[in-house]
Amino acid sequence: MNTSNAVRAEILTQAVPYIKEYTGKYVVAKYGGNAMTDPQLKKSVMQDILLLQLVGVKVILVHGGGPEISAMLKKLSIESHFENGLRVTDDDTMEVVQMVLAGKVNKSLAADLSALGGKAVGLCGIDGGLIKVHQKNEKLGHVGEIDEINTKILDDLLDGGFIPVISSIGIDDDGTPYNINADTAAAKIAAALHAESMVVMSNINGVLRDKDDENSLISQMSLADAEELKKSGIIAGGMIPKVDCCTNAVKEGVKKVFIINGEIPHAILIELLTDEGLGTMFTK
Amino acid sequence: MNTSNAVRAEILTQAVPYIKEYTGKYVVAKYGGNAMTDPQLKKSVMQDILLLQLVGVKVILVHGGGPEISAMLKKLSIESHFENGLRVTDDDTMEVVQMVLAGKVNKSLAADLSALGGKAVGLCGIDGGLIKVHQKNEKLGHVGEIDEINTKILDDLLDGGFIPVISSIGIDDDGTPYNINADTAAAKIAAALHAESMVVMSNINGVLRDKDDENSLISQMSLADAEELKKSGIIAGGMIPKVDCCTNAVKEGVKKVFIINGEIPHAILIELLTDEGLGTMFTK
Amino acid sequence: MNTSNAVRAEILTQAVPYIKEYTGKYVVAKYGGNAMTDPQLKKSVMQDILLLQLVGVKVILVHGGGPEISAMLKKLSIESHFENGLRVTDDDTMEVVQMVLAGKVNKSLAADLSALGGKAVGLCGIDGGLIKVHQKNEKLGHVGEIDEINTKILDDLLDGGFIPVISSIGIDDDGTPYNINADTAAAKIAAALHAESMVVMSNINGVLRDKDDENSLISQMSLADAEELKKSGIIAGGMIPKVDCCTNAVKEGVKKVFIINGEIPHAILIELLTDEGLGTMFTK
Amino acid sequence: MNTSNAVRAEILTQAVPYIKEYTGKYVVAKYGGNAMTDPQLKKSVMQDILLLQLVGVKVILVHGGGPEISAMLKKLSIESHFENGLRVTDDDTMEVVQMVLAGKVNKSLAADLSALGGKAVGLCGIDGGLIKVHQKNEKLGHVGEIDEINTKILDDLLDGGFIPVISSIGIDDDGTPYNINADTAAAKIAAALHAESMVVMSNINGVLRDKDDENSLISQMSLADAEELKKSGIIAGGMIPKVDCCTNAVKEGVKKVFIINGEIPHAILIELLTDEGLGTMFTK
Amino acid sequence: MNTSNAVRAEILTQAVPYIKEYTGKYVVAKYGGNAMTDPQLKKSVMQDILLLQLVGVKVILVHGGGPEISAMLKKLSIESHFENGLRVTDDDTMEVVQMVLAGKVNKSLAADLSALGGKAVGLCGIDGGLIKVHQKNEKLGHVGEIDEINTKILDDLLDGGFIPVISSIGIDDDGTPYNINADTAAAKIAAALHAESMVVMSNINGVLRDKDDENSLISQMSLADAEELKKSGIIAGGMIPKVDCCTNAVKEGVKKVFIINGEIPHAILIELLTDEGLGTMFTK
Amino acid sequence: MNTSNAVRAEILTQAVPYIKEYTGKYVVAKYGGNAMTDPQLKKSVMQDILLLQLVGVKVILVHGGGPEISAMLKKLSIESHFENGLRVTDDDTMEVVQMVLAGKVNKSLAADLSALGGKAVGLCGIDGGLIKVHQKNEKLGHVGEIDEINTKILDDLLDGGFIPVISSIGIDDDGTPYNINADTAAAKIAAALHAESMVVMSNINGVLRDKDDENSLISQMSLADAEELKKSGIIAGGMIPKVDCCTNAVKEGVKKVFIINGEIPHAILIELLTDEGLGTMFTK
């Protein structure tokens, strides 16, 4: 980039009012999709996370990893089927879910942050009793429904200068692990922390009024608006659970929730630290 | 068990002087072998760890997982060969090592401790830059040699009331993960913490004067003794690196190092909190 | 005792769930009777107190000392008489009460705990304004009624790792000392601390349905039960003030109050850290 | 007193530079003699102690009580004899020493401070292992020689806003109590705290050049001076141990040690907070 | 002064109960008038402030400086006129106000306290956003009305052992400085701190029932009394805003407000630390 | 500026490694010259200071104000003359120096930072005994030589989230104020804090090899280099004291000292947070 250092300095100081808004506050980023597989995008996300931490934001990264799980199940010739969009998770499948999420994806993110000079700690919901769940439905096997988030481990790590990176796995009272939806995990964690903001990175630009028209982005939405748009059918299909997850977070105390397109480099910083609104923002 | 409660109470109070010796001190337990695969033994180890924490010991669990790694490599048809007892670890193998150790074994131990009412946090050397390494030898691939232990994450977790459970994986400055020997990892961590004691659980009773005679156990050994016994050939073969690991820990500041037989239920508690010495103790 | 160390270790781990219930909580033990004069029993109580402290219980010992006071009064030829069970306490008598309780009994207990490796601090209600009283009745002389417990000194000592040992003496606003009932002092202190439990050691097994039948022990009693049993005459005579003292503590916020037989070795540990209920437990 | 309030205010402000010298520092006052038996003098000492605490001095009161002990021994018809100025202390005598010092005198001082609005805590060397001793000489019975002062209990109490009042009783490793010289106890405590000053209240004005001439007071003395005066016989007889005690305190780190006449009202304040030097000051 | 040191010590201890009333509490002193120009009186005020700090009072000094401002305006030939008792403050005038108050008077007070051994920090309402204001009235220029007191800077300085000295200047959200009445500033600061007491030093003895009779001082006044006395015309003219300022402070949470005559040496100490009431005290 | 938000985000993340170098460290900025009089430049400096604070730098601003002092002296018809570059400062002059620096310039800077959302506290060396001096030379009047920097007030303010802004005025033990050179004040403060860096803003680009050729800038200089360049006459005239001040700071423990041209907007940020070196850097 050819930007002169004078311009760089000017840009840095222009971020000051935005930084002041978030410094000392919790921001939960749900990370997934292309942004997690494309190395360039991945690096830009990691940089964003590190900058947020450096300017005093209490930033937490939550991730899933559906495609990696599917790939590993295939390699191990374990068949998988879905019911209502939820993976039926028997013991063998759960073992793979745990290995891939908590062993491969999670620790790789921690390693990436470390390579950039950050201090990250990879956790899943088992650690410190972070995500307590119960079985959703016996037929689905190890699919959990969240009962409780124990934020102490997060605060201890954040106070110590560490960035928590969290796999979407929960644990029940008997110590049995469960697969959980990463969007939901992020939303529940953000709610438990009364986060200033949750940012959901996805492969779309946000909620579109006309799903075939990229220019029809709805840039801001209240809880009432969301209800309206669901009734009118504009929010439909797979978009419904994503929007519900965002509005639930707002209802439970998160101030601002964003759905942004993770394929845009530095989407998190653009959304949080500039005057540009990239995606859809949910507020009360 | 039919012990009367009066006897139970008497036994509890008799443990007081032993507890006082360790309360507030670091104890690092290297966990592996049968004690990790037999469910009964596993439970007894987890109970020991929890009791130690409850009476104020700063207890840290370090584990490897060779057999599980081999099993998973086999399932995935990844061939593995060894050089001088070290697994040649290419990228694919390292991914499996990481998944199995940090994803499966590590989180299962955290889950087991949680089921018994403990609060454990599963880490590997990547987290918080805990174990910094460099490549041992290009031919061995991802086999690391430890440069530095960063204990801050351990102290933060212990202060928060969490039990750190650590997989033997390290990270270099570029964020690349490495396989490391679990005995060595435990010894280096114990040394960095100036631990009161390190307990190495193995499948043998300790160092035997005559390896075919269970009754020839050497119950205590100074650094000088160990040197002598190596020269005289009594410590030989696979026992050499294990003993070296113990004596190195002592040299670097650990007060007492024990090799104990993990197949004895509650071996850790018997060794630390009773007047019985089970295995071999190394001291200066 | 011939118990093997394996059994010892097993017993230790079985105490874990009981320990977890009390760790970090306040337990007030009212100490007296034979348990205070028999050297063997005394040692077993001191061991119990030390173990409780070691496993993180905030333990406080409260004691009286009627027989020792009477003996010293006799030696000094000071006559003593009682009204409604209360010792009429003139200036000379009070001086002896203070010397015997705060000088002899109290410091001996602190010394005993010290000999076992504990750090105890002997106090009476004068110290740090711990027990503020007013004169109950002019005719009784230095007999006090408790107005206020100032727990700061207790928390400061407990935080410093010290076990407070407290003589049942109070002080009024003019600095005059008063004799107070030790059961009441313990109950008021437990109430002021919102203790998890108060244990009253006495010479009986607890409340008996038939006072001549040791097997008629009432092992648990609610506030309503106690009221009922008093009406029906089952709780009668000298048992009434003892039971009132226990029920008052429960009313004022102590979760569980026990009357146990101090002649049973390790009665406190058996009651608190095993599945056996020795005496009578009072709860809401 | 007829002093106008204007003069009072002026006097208060004139104390400022003296107060500044001691605020935040340790001052140990050895209390005894007439100042402890005359009620008027006693009150003036208690007021001095309270004022020192109020202006931020970390003040500690150490006391003996020979005459009270003798009186009680007499009442109990226990005969007492001395060897080289030390009371031969058998078990019965020790019990009386402990009762009188730790039960009567000590708690009365705490009560007096309480009546004036202070918060005092009465301790002896048994409490918190404050004064560890060994037996001086088998023939003397419970006469102890100080090995170690454990100041933690003092700092915990001072930090909590309490004034420690300490009886001159020590404890050995077996929990046996011992009688110790109060001057020595005060000096050892002052030394262990690296006190700014120790004030020894006695019945004399200080060290006199001519013991029959009150005007021959030596107002300041270095360690070398003291050595000289002992050689020349000016310091002689019972004055030798008192002076040795003061010079030892100076040698072990106390900055200034004063022998003052406790019969002068407010002698402590006059010595520490005015420009007048009452007694003899020992410095390096 | 010829007072003997014995009397001095007696006087010091007699101040103890008064000191106890204020130690650890906030006291705000409004300083002005002759007490600020007469060097002798100034020194006595500075001594009073230092003693209060030394005995643990959280003391804060607030000052104005009308005469010095007028003198400097005259030297610079800047004309000044008043409307309803308020100085019309254009930009040039404000610059002089700021220079004289925050540069000259304020720092001189800090220097005086420093010369006496104190540690003072000179502030105005601009520093740390201490006094936030808005413009009272466009015609008056830089005359501000207080919106908010941000006490964090005061607590940080007091915790650090510093005495805050505050010029009566405020700041609006745009960073523009404003002149404010010093009595009002002191009252608002005292209210924000829920001060134990505010002392207003003036050139009169307090509120007089007959303004020409010095002996008609009203020594105590409730809020109701003040209302009554205003209605009856006894409080009239320039006394009205001064009394309103005092009663407002009481209404907003200050426990005791005093108007005292600053021309009496050590008036603050006499009022706060003796049994003499010099001026008029306002309470609820 | 037309920079896209994507570029802005990229630039922000590129600053991360530079920010990491300074976060948690002390940076002292000496501010003066055109940068202090030109409103645009002033704003850019204030923005730089705020950004540094926001990213965790402990930033301190030190300023002089020669031209403003001269202007005010002229308005007040006070004549001023210099000896060896030092203003002869009689009492009247000192009063003006204090008013202009500590009253006008200092508080205006605090107000400017406040308007941008910062929390600044304006101090001079009088406050908290920050800069202790003695008179340099009787003939020069109030010209001080620095003896001691008391950094406690700075750490207290920085810990509280405040930016200290410091006028170059010192105080002697008698409370007399003195004029001091601002470069020297900044250097002494930086040295006392063992600052990571001191930045001296001036009207030149740095040290030039040929003072008439802007392109002859010497971008880095060791202590030895500086000595050499002074000998060879390349550093000469008015540049000598400025360079001495920088090298003294380095000698006394400041890691990096920069002379930069304050007329370049955001010169501080460009120097500290980009890969561009603007001026001359002094290191060991």
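Labels A, B, C, D, E and F are assigned to the chains in the order they are written; within every chain, residues are numbered from 1.
Everything below uses one rule, namely that contacts are C-beta pairs under 8 Å (C-beta built on N, C-alpha and C of every residue); 3 or more make two chains touch, one makes a residue touch a chain.
Just so we're on the same page, UniProt names per chain: A, B, C, D, E, F = Acetylglutamate kinase.
Given the structure is predicted, the values throughout are model-derived calculations rather than measurements.
Participant: What's the overlap between the neighbours of chain B (Acetylglutamate kinase) and those of chain E (Acetylglutamate kinase)?
Facilitator: none
Participant: Along touching chains only, what is the step distance from chain A (Acetylglutamate kinase) to chain E (Acetylglutamate kinase)?
Facilitator: Tracing touching chains, the least step count from chain A (Acetylglutamate kinase) to chain E (Acetylglutamate kinase) comes to 2.
Participant: Tell me which chain's centre, taken as the mean of its C-alpha atoms, is farthest from chain E (Acetylglutamate kinase).
Facilitator: B
Participant: So which chain is farthest from chain F (Acetylglutamate kinase), going by the mean of the CA atoms in each chain?
Facilitator: The most distant chain relative to chain F (Acetylglutamate kinase) turns out to be C.
Participant: On a C-alpha centroid basis, what's the spacing between chain C (Acetylglutamate kinase) and chain E (Acetylglutamate kinase), in Å?
Facilitator: From the centre of chain C (Acetylglutamate kinase) to the centre of chain E (Acetylglutamate kinase) is 55 Å.
Participant: Mind checking the centre-to-centre distance between chain A (Acetylglutamate kinase) and chain D (Acetylglutamate kinase)? Centres are C-alpha means, answer in whole Å.
Facilitator: 67
Participant: Taking the mean of the CA coordinates per chain, how far is chain D (Acetylglutamate kinase) from chain E (Acetylglutamate kinase) in Å?
Facilitator: Going by mean C-alpha positions, chain D (Acetylglutamate kinase) sits 45 Å from chain E (Acetylglutamate kinase).
Participant: Could you say which residues in chain C (Acetylglutamate kinase) touch two or more other chains, in rising order?
Facilitator: 116, in rising order.
Participant: Based on which chains touch which, is the overall arrangement a line, ring, star, complete graph, or other?
Facilitator: Looks like a ring, each chain touching just two neighbours.
Participant: Take chain D (Acetylglutamate kinase) as the starting point, go toward chain E (Acetylglutamate kinase), and spell out the full loop of chains.
Facilitator: Listed round the ring from chain D (Acetylglutamate kinase), with chain E (Acetylglutamate kinase) adjacent next, the chains are D, E, F, A, B, C.
Participant: Can you list the residues on chain B (Acetylglutamate kinase) that touch chain A (Acetylglutamate kinase) in the complex?
Facilitator: Contacts found on chain B (Acetylglutamate kinase): 75-76, 95, 98-104, 106-107, 110-112, 114-116, 119-124, 126-129, 152-153, 156-157, 159-160, 162, 169, 171, 173-177.
Participant: In the complex of these two chains, what residues of chain C (Acetylglutamate kinase) are touching chain B (Acetylglutamate kinase)?
Facilitator: Against chain B (Acetylglutamate kinase), chain C (Acetylglutamate kinase) makes touches at 1, 3, 5-17, 19-20, 23, 44, 47-48, 50-51, 54-56, 116-117, 264-266, 269-270, 273-276.
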